[in-house]
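Below: a set of structures, written as structure tokens.
Paired with chain B in one complex and with chain C in the other, chain A is shared by the two complexes that follow.
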Partner chain A sequence: MTALLQLESVSKRFGQVLVADSLSFDVADGATLGIVGPNGAGKTSLFGMIAGDLPVDSGDIKFDGRSVIGLNAAARCRLGIARTFQVPHPFTGMTVFENVLVAAHQGAGLRRAAASNLAMEVITETGLDRHANTAAGRLGLLSRKRLEVARALATNPRLLMLDEVAGGLTDPEVAELVAIVRAVNARGIAVVWIEHVVRALLSTVDRLVCLAIGQLIADGEPRNVLSQQRVKELFLGTESTVAEVAQTAHAADTGGTTAPREPATES
Partner chain B sequence: MNWINAIAQGLLLGGLYALFACGLSLLFGVVGIINLAHGDLAVLGGYVAVAILPSVHTNALWALLFVPPIFGAFGYVSQRTLLQRSLENGPLTTLLVTFGLSVVLQNALLEGFSADSHSLSIGKLATQALRINSQLSISYLRFGILVVAVVVLAGVQLLLARTSVGRQIRAVADDNEAAAISGVNTRHIAGIATGIAFVTVAIAGLANGMYSQFTPTSGSSLLLFAFEAVIIGGLGSLWGTLAGGCVLGLAGTIGAQIDSTMGTLIPHLVFLAVLAVRPSGFFPARAPA
Partner chain C sequence: MTQAPTAPAAPVAAVRIRRSTRTSRWALGPTAIILIVLGYLPYGTGQGTTSMLVDFFILLTLGVTWNMLAGYAGLVSVGQQAYIGIGAYGVLWLAQHGVEPFLALPIAAVACAVLAVPISFLVFRLRGGYFAIGTWVVAEVLALFTIRDSALGGGTGTNVPGLGGFDPVVLGAYTYWAALAVAVISLVGSYFLLRTRVGLALTAVRDDETAARNVGVRVSRAKRIVYLAAAVGAGGAGALLAISQLNVEPHNVYGVQWSAYMIFVVLIGGIGTLEGPILGTIVFFVLQRTLASEGAWYLIIVGSVAVVMAVWVRKGLWGIAERFGLRLFPTGYHVTDTTR
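Coming up: the complex of A and B.
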């Protein structure tokens, strides 16, 4: 399978802080990739550079085989790169429907009825249909996060980058979100997901990378990555074990209950 | 003048103020530029008409056909070249740049047209009025300006509320970064918004030229009234701007009714009073989320 997104020796620093140190990796078409790492590791900046909000210092970013370094954020969006913001940025004065409609018009390049239809589809897909005519500024946190996803989806992306959409949500809410993201991926959209809520990642992604000080310190099958000593030290701390994380992931997987299930009682 | 007449004339004058304020409000609310050259641009609109009209028609109403489109294009180009660059350097730079533009415009107009006052002739229409009774008569011109103001404000409001471009303008005003990642070409949209603002400035400048006289330096007082109308009405609310314009107009004519020397002072005092009591204006656009 050809790579949808390719990063080649991408570097970026803010003064003394290195957020990307000759970073290279690929994301395959339709794949899922989770990104973990300590705060300040450069995860969000990475999204900024891929989406075009943030210029790179050096290196190249290719989307579908073609360099996008010279394109602005709007042009990259039209190519099929979509992102959400960690702190939701809705257009507060507009309704949920209008928020999504802007993306369907401009990002997906649709007109009139086609744009409205796509907007309504993704609003339903993200479970926002009850709020379609609510002013986005009045939404609660979960709905705002859903709106971030809906607006990104309305641009008809091939790559969806999610920035901590599960942060601050309760377990059942996380489970709903995981279900939405899986459905999106099932439609063939590649998903790159930055998340501290590891159980949400584990139940969604096939591949996990750990980013620290602008470098990939681990890359591979999620449970393998999490069991590596350096990842544990940097990210998980000493308390959590992979078994615990995997268990809660299983809970999020199967119903999203708060309490981890006892495997023994199930048989 | 009696009281009823003062009120009627005040409301009509409010239309002119609102027309001025509309572009200022739009440019600040959407693009984030406090345009100190706003009044001078309106005056420039009058002079463009003075320069081109002789080769078109003797009646200045014809200027409404060509000055606003010229200004629309001028607005788009100045946003994409001058204003966008200054915006990227922070809000203070746009203040300095538009202030500089104001100085340049005033002096260029002085150089080109001298300090003599000009006005735009619209023939007999300028003096005709609908006589309602012995004390109250409504000038067709003033009434026409109020109607134009309402149409312009309603048009801008409809454009923002109902069209795709309008939604993009609101999205950019709300969150530039989020608009960009939703595929909105933010600079193009800022250019269009500036173009629309400049069209309204041109209409206001022409209306002012038909209504009274203008000189190269009369922009500053126009800017002051526009600012006051926007702030009394509440930032970002176009209907509030119309209300703000009418409050200023009423304050002026009622003030003049009390004492003929107070006509200029009273509107500014009313503005100060509003600023003290309701600093966010009477109809602020929306409560922050």
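Coming up: the complex of A and C.
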């Protein structure tokens, strides 16, 4: 299969913090890729650079063989790159249906009935049909996360990037989410998924990478990657590393950086 | 080889959508009656009422268009007086060159849109507070250019020719109808713009610009559409000012007080709704009329009202009405039925 997404020596730093250090990897068309890594590893920044929210310092990003570096987020979305946000960004004053419809209009380029039918289909697919007329600002966390996925799907993407959509969900909810993501992938949409809930990843992705300080420290079959010593130290951690991660997260909070606090480990 | 994603796994649904609300259907009749009454008003009342309503419609037009700018596109401009000035001076210049002033009104308004294109590329490079100040600077620069032209009356302004031939009563009625038309067009235009795909995209931009970009909204294009439309509205209001006051005075038409009025009207009524500016204009107008003789107290009271609203009633008066499900101009989509 041809590579749908190609990163070539992508680098990015915020002052002293390196979030991408000459990072290169491919995602094949229709593939699934999980991304794990400690807080501040640059996972969300990576999505930002691929989606066009964050400019790269150097390197190239190609989608379907074509460089997208010069394109803004809206143009990349129209090409087929969709992302969800770790902290949901609903259009709070609009209903769930309107949230998704705007994506079908603008991202998928559909009109009238074609747009509203696609919107309703993804709303049904993500289990939000009961809430179609609910104002998005009144949704709970689970529904907000589903809305992120629904909205991304309504843009008719070829690549779907999920950022921590399983965090904070109960086991049955995670299972439901995994089923949704697998169904999406079965339609031929490539999925890249950043997730701390490792069991969700293991039941979905064929390939896993571990990102730390802007570098890929492991890449391969998920269980293989997780069993590597460096990955264990950095991500899954022993008691001491868990404490360290918690400490760095705390330091980041008090230091005023934008790194959100995440659950240290879940396995 | 590329593989195109296939259709969603969910069964194909035909969605039925309703776009009106109960209040909007109820409001249809009264709105039509109000419009008819307003249309016939010059036959029934004196000049005092109609000329007062001309001021009201000018303010309403400015409020409605500024709300589209700030409330939907997130463009907090304090320089819309640039287009009020160009609209007024457009009428003056065209009238000096033999164009009927009432015909000059739409021409001047369209000229504002044309001028707004290059200006938008300049000011859209700025964000937030810088954008606000930038638009103000543009207005001041245009004012300075205008007063350098002695044919347009220089720094003191001059009379609009071509209005002296009218009977005062007829002129008053024509001015009133022109003002009513400008206000209705800006309201109806805003309403229909918001009901289109662009309107839904704008509403998304209003709520979350980053997320809007990420679902494919061409944010700059959507903002430019609103900026041009708002320029037409302000230009129309300026043209009306020139006609109703019979003269154009630079410090009045290019005055920053217009921006203060627009902000007040929108804040009081409720930003980011169509109904808000109407309500805000009514409140502001009543305050202005009743307190006009009170001198400094007028400013103190109006200022205090603005502070109270901005701090405690962030969504404005219409925000309170909306809590009860009121909606006069429904722009949303209500899913009523999905048949499989």
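Basically, the second predicted complex is superposed on the first by the 238 of 267 C-alpha atoms of A that agree within 3 Å, B and C clash if a C-alpha of one lies under 4 Å from a C-alpha of the other, contacts with A are read in each partner's own complex, and residues count from 1 in each chain.
The criterion applied here is as follows: a contact is a pair of C-beta atoms (placed from the backbone, for glycine too) under 8 Å apart; a residue touches a chain by one contact, two chains touch by 3 or more.
Everything numeric in this text was worked out from a predicted model, so none of it was measured.
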(request) Assess the superposed three-chain arrangement around chain A: do chain B and chain C clash, or do they fit? (result) clash
(message) After the superposition on A, what does A:Gly188 contact: first (chain B), second (chain C), both or neither?
(response) second
(message) In the overlaid three-chain picture, which partner chain does A:Arg138 touch, first (chain B) or second (chain C), both, or neither?
(response) first
(request) Name the contact category of A:Ala51: first (chain B only), second (chain C only), both, or neither. (result) both
(request) Would you check which partner chain A:Thr92 touches, where first means chain B only, second means chain C only, and both and neither mean what they say? (result) both
(request) May I ask you to decide whether A:Ser24 touches chain B, chain C, both, or neither, giving the answer as first, second, both or neither? (result) neither
(request) Count the residues of chain A touched by chain B and by chain C, then name the partner with the higher count. (result) C
(message) For A:Thr2 in the superposed arrangement: first (chain B), second (chain C), both or neither?
(response) second
(message) By the touch definition at the top of the document, which applies to A:Ser116: first (chain B), second (chain C), both, or neither?
(response) second
(message) Going by the contact definition given at the top, which residues of chain A touch chain B in one complex and chain C in the other?
(response) 51-53, 72-74, 77-78, 82-83, 85, 89-94, 98-99, 101-103, 105-109, 151-152, 154-155
(request) Show which residues of chain B lie in contact with chain A when the two form their complex. (result) 164, 167-168, 170-171, 174-175, 177-186, 285-286, 288-289
(request) Using the touch rule from the top, collect the residues of chain A that touch chain B in their complex. (result) 51-53, 72-74, 77-78, 82-83, 85, 89-94, 98-99, 101-103, 105-109, 135-138, 151-152, 154-155
(request) Show which residues of chain A lie in contact with chain C when the two form their complex. (result) 1-2, 4, 29-30, 51-53, 64, 72-74, 77-78, 82-83, 85, 89-95, 97-99, 101-103, 105-109, 111, 113, 116-122, 124-125, 129, 132-133, 151-158, 183, 186-189
(request) State the interface residues of chain C toward chain A in the complex, per the touch definition above. (result) 1-15, 17, 197, 200-201, 203-204, 206-208, 210-219, 272, 332-335, 338
